[in-house]
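Chain naming follows the written order as A, B, C, D and E, and within any one chain the residues start at number 1.
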Amino acid sequence: MSAYVLSIVSLVGINIILALGLHLISGLCGQVSLGHAAFYGVGAYTTALLAKAGYPIGLTLPAAMAAAAVAGFVVGLCSLRVREDFLAIATMAAGFIFLGVVKQNEALGGEIGISGIAMPSFGRDGFVALELGVTVLVILFCLHVRRSWLGFGFSAVADDDVAAQMVGVDNRAYKLTAFCIGTALAGLAGGFLAYYLRGVSPDAFGFTASISVLCMVVLGGMQSIAGCIIATTILTLMPEVLRFADNYKLLIFGALLFLTMRFLPDGLGGLFALARRKEAGPS
Amino acid sequence: MMDPKQPRPALEVRDIAVQFGGIRAIDHVSFAVGKGDLVGLIGPNGAGKTTMLRVVSGQVRPQVGQVLLDGRDMRGFRVAQRARTGLGMSNQIVRPFRHLTLLDNVALAAGHDRTSSPWVAIGSVSRKRQRAAAMELLALVGIASVAHADPRSQPLGVLKRLEVARALAMKPVVLLLDEPLAGLNQAEAGKLADTILELNASGVTIVLIEHNLAEAQRICRRFLVLDNGRKIADGPVAAVMADDAVITAYLGEGWRNATR
Amino acid sequence: MKLIWELALQGLLNGCIYALIAVGLVMVYGLLRVLHIAHAGLFTLGAYVSLVVTNATGSLALALACSVITVGLSGIAIYRFCYEPILSRPPYVVLIVSIGLFIMMEEIFRIVFGPYGLSYLKPPLQERFTILGTGITAAELSVVLITIVLFATLDAFNRFTRIGIASRATVSDPQMASSFGVDIRLIRDMTFFIGSAFAAVAGTMVGVLNNLVEPTMGSVPSYKALAIIVLGGMGSIRGALASALFLGLIEAFGTTYLGTLLDRDAIAFTVLLVVLMLRPAGLTGKKT
Amino acid sequence: MLHVENLVCRYGKIEAVSGISLDVGEGQIVALVGANGAGKSSTIQSIAGHVLGAEGRITLAGEDITALPPRERVRKGVAIAPEGRRLFRDLTVHENLSMGGFCRPREREAANLKRVLDLFPRLAERIHSRAENLSGGEQQMVTIGRAMMSEPRLLLIDELSLGLMPKNVDLCYEAILRLKREGLSILVVEQNTTKALQVADHAYVLSSGRLIWKGTAAEARDDPSVIQAYIGSSAH
Amino acid sequence: MVSIKRRLLFIAAAIFASHALPAAAQDKTPVKIGFHAGLTGPAAADGLSAEIAVKLAVEEANKAGGINGRPIELVVYDDQGKPDQAVPVANKLIGDKVVAVISAGFSAPTKAAAPVFQEAHIPYVVAIALQPDITKSGDYVFRVGSMGEVEGRAGAKLIGDVLKAKSIVLLTIKTDFGKTVAAGLKGAADKFSFKVVKEYEYSPGDRQFGPMIASIKEDKPDLIYASGFYFTGGPLLSQIRAAGINVPFVGAQSYSSSKFIEIAGAASDGAIITNVIDWSGKTPQEKAFFEAFEKKAGFRPEAAGSQAYASAEVLIAGLRAAKSIDSVAIRTALAATKMHTVVGDLSFNSLHEVQRSFPVSIVKDGKWQSHGVIEDPVLLAPPTQ
């Protein structure tokens, strides 16, 4: 595989981890978040700082997950007080505050960011292998969560959080768990991104980034892990595929987003469900 | 009104008062429900029945008073904790989980030990046992044949039964049923009422809020009547229904002259 | 002391622009519970139409009229073609549609008008006045006056005309309004028209104030206006005006005194978050 | 005035009303009674046009209005005072009343308003209060007044006395008796059977979406089976 | 006024005529040069201008015989201004077998791409990205754009020596560019004996500066130095003037777009910047560039376009000098660059940061005009580590 393909593939992997994190929060547990990139950033910055300090990848990535999960827990606690649109905007606020703090803090590199992170000792191919391996593990983990009683509880909370309580599912604990796991995954993705870019700069974690992750999750269909993975892959590859379209790339991206949701509101997951039903229909 | 044979009531409500803004929804009401009892909580619209139920279930915090479930004070217990402590609840307006099959709706409740905390929940996958239990419950309420259906495609009668089955799956000490018969036709209502009666006969303590007085009278042993937030009667069904205060509450002032 | 007075004035000025932008979002949210991000694209469209027409004809007044009409009609078109068919969907579906639309609009502006932004050939409203010891340009003064006049007019329209009352009634209970003879679709069209027209005015004034109309000029309003409708309690026009002015003041004083701690957006959103935690339904919102 | 034939309403798969026919004569008060969930509200809402996909035939003074949307029906002369009152909470009393007359020419608003304030003098004092700040009784008066502003030929009132103090219930009933004397046809859904049967000319009793009894109100008052249908037991 | 020092003209190594290299003339396969910039998204304005400039340079070079007889082929990719897009773009360019790459991308994408090129040993010439760490990626990375820190020092000399201001207010745009310029300027303030009485920061998204200007009035500075871009600087300057503050307004090369004057209108008169290019167009080379660019683009080249053009000049000269497409040879040739470009005479230091002087430009009669030059090889020496 050429370096180009490898770099694209690892970017897809990072985005899948990131999007699956949001999928847990917004798709499975129903808490729409407009601030997911902040946790991506927390992970990336944690990794960057530790890696610069000389810690190995085996330590920086878990630390990134932990830091992002703690941040996720705090935001989750705040968000328990608000619902739906208010929740979306509260998480958006969290994203802006994260960015404001990072940009103003020279210890975090301020506007300049952090650079010069060394590739892990096992080299670039090893890194890509590790990253893809972890991506697979994350996918398996998400599939497990979905199949487990945790996912069962999440879907109940997403569906109707009052009814969930009536069957003994503590909606607060579940929402917080979703936030912690989902943001930990975002932190993990951020950690990989820091190595991938050999550095971090604040603008990669702004509102636009949060929106594009949400687009991946929604386009995939809020309920479907496969849909989420496919949508993430498509959206990540889109700039590559659309290189020919040059000047019209973003326009096509916007149009695709608009048209898909306008005419296929259940996303790709909805499309699969439709196909399955058609298949199952005649028999 | 405790049954002397029962040492400890399954559910006890002590001196509950609830005020919304300037309106007193419940005005210092107390009652107890003995184990194995089947009590109808009745009263005209706006009497405070649903508020009372929400107080018991933990959705509304009363200004004054206590709720005891099986002798345990429920103060500070949120809805989910109460549910796990043994309060089975069904909703007046059905609230199935729309994205789960009927079977899974019940299985989720049957697995309340699995969902007790996210840590426990993530560790277990198999739903086999809970689905088996759920299937039994669906059979018990008579909807096993549509166990794998999508709740959105089911008629109200089925969903009402689903509510009951889901509440039962919590293995409740007390089952609170909020208008399980509302919206059902005569035949359906009669059948569901029979089911409720059977459940009670098998040992489940039931508190039933019901507007369908005909069915309620048929199955309940005891009626508890609320009107304007106050308890106006409590006792055996026949006695309560003969009570002038109760009939006045239902039919309005002057019914006696009118019917003569 | 003079500084505080000037900061307050500048804060209110920014607040006025926020209010003009946010009012459409608030009206749409009140009526449809839709977060209409593409509204920020209409704001940009308004700025472009005004600039192009002014540069072609030399008349800002004519340009403003064109802008209001074009943008108002575009607002209706967005409602009819983009939102109306998916209103029954969960809110995030409409949100993503709106975001997609906004991205498309920004890109179309970039492709049509170029990425560098356009300026007025002869920038209008550049005269300077001194009021209460403070210098103010005609453009700034116009923003304040326009805001006062438009909001007073809108308030009067909503309170004293039948159709205005009907639109408030529709926000309160669409089914009942309909059962007394109100054509709900007409009200929605009207709401989109008025809200978008306000955005057109805001876009025009921002274009004049900055003498620059850029394809991306809607980005900041796209999220800032969301903060305003939340602060204002979602759906209340007066609440939006109050919270827009409040946000303008917070930013003016915040950037001056806390600028080294947090940037403007972070200050605004910190306040938003604090307000949300204390009053989960917004500054002026009622608990529902 | 109103003729309903074989009305069926479904919500999804739930059939709330299964084939009801009823008539309201000109200048009559007709009471529709029955237990909760009997289908009374669905019936009255179908007549107002609020229920999508109601089947059957509804005619107003011989004119078929079955297919008309609510805003057309109100022009034809059907006005509703709905259950739970559903005032426009953020609007003042005056604005609420003005909305009631939305489908009529503005010139007639003043005259209609005078009529309503004449009917409920108490509203004149609260004319500029926001609807949500009114007491329950006042709200019910605004609800009826709002319906009257549309110059109806048929007034539909859903759960007139629900949650009202007895004094206010009496006030409202006096008002509708007065409207009846002025020639208005009124269909009232009531759970306060006694009160309804005192003022009504005719009564229909519903149970589980079906019509189980009909006759004059006087007969209803004397027929113990009506009470039985309602509370479900032979109380006396 | 400004003492215009005599410019030293280097005989650039690059001005070898192609016929001077007879042996290579037979090989006609194109030499591929990579180019990436943000051509869509928020970086598009600079990116597109840079693309025009680089294409122009390549066309001209091809007309002049290409690289020793081989035509140059430019491979252009859009990094969208995003770092995560820049890594695949870099790898794709490597896959396309480019011999060297020019970046007119912003800091974040360029910073992400630099290590990739370094590891692939592909010479990478950075035109406008100012993030200080970029050249630290390794010895294959060169920067033609001056570092913010250096430009800040040039600004300090302009303020203290030329404009003789004593107390200034510093308005810093919150980008890596603004922050590094501010750091350089503050560091040199003592040396040029003026005081920064107050520093304000603002965001690139800001267009309304009322509160800040109200506060500046209280500070009563002799001069205002504001880093920023034409789209912030234009509105900022006109608002400063509208508020009645009439002290000199000084900025950096990022205002050099004619849009700046268009936006600020009459208020722009007298604004002074440290520039990348001498607007007088005194040398035929500059004049030709201005004319050709304007013909192609429809507007005058600004900093991004000029620096991108200069980057292409440097790279093409380096390729010609290397006489081979071997990466070490190209790198060595680039490192030895000492030539006159449209942005003046330049050379690289040990870190491959550019060493050059700063022409000063002033707005007069609605046009950027030459206003001398800041020359001080010691002061303007870029850091070596």
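Just so we're on the same page, a residue touches a chain if its C-beta (ideal position, glycine included) is under 8 Å from a C-beta of that chain, and two chains touch if they have at least 3 such contacts.
Everything quoted here is computed from the prediction, not taken from an experiment.
Any chain touching chain C that also touches chain E appears here: A. Just count the C-beta contacts per chain pair and the biggest one is A-C.
Centroid analysis (C-alpha atoms only) places B farthest from chain C.
Computed centre separation for the pair chain A/chain E is 36 angstrom, with centres defined by C-alpha atoms. Chain centres here are Cα averages; for chain B and chain D they lie 32 Å apart.
Averaged C-alpha coordinates give centres for chain B and chain E that are 75 Å from one another. Computed centre separation for the pair chain B/chain C is 49 angstrom, with centres defined by C-alpha atoms.
Shared contact sites, meaning residues of chain D that touch two or more other chains, are absent. The set of chain A residues touching two or more other chains comprises 103, 247, 250. The multi-chain contact residues of chain C, meaning those touching 2 or more other chains, are 107, 260, 263, 265. Chain pairs that touch, as defined above: A-B, A-C, A-E, B-D, C-D, C-E. Interface of chain E with chain A (complex): residues 39-41, 77-78, 80, 82-85, 87-88, 90-92, 94-95, 107-108, 111-112, 115-116, 119-120, 131-134, 136-137, 174-176, 178-180. For chain C in complex with chain E, the touching residues are 2-3, 6-7, 9-11, 13-14, 17, 107, 110, 115-117, 119, 123, 126, 128, 135, 137, 140, 206, 209-212, 214, 216-217, 219-220, 251-253, 255-256, 259-260, 263-265.
Residues of chain C that touch chain D in their complex: 159, 162, 165-166, 168-169, 171-173, 175-183.
Those residues of chain A whose C-beta lies close enough to touch chain C in the complex are 26, 32, 78, 81-86, 88-90, 92-94, 96-97, 99-101, 103-104, 207, 211, 214-215, 218-219, 222, 247-248, 250-251, 253-262, 265.
Contact residues of chain C toward chain A in the complex are 29, 33, 35, 82, 85-86, 89-93, 95-97, 99-108, 111, 223, 226-227, 230, 234, 260-263, 265-270, 272-273, 276-277, 280-282.
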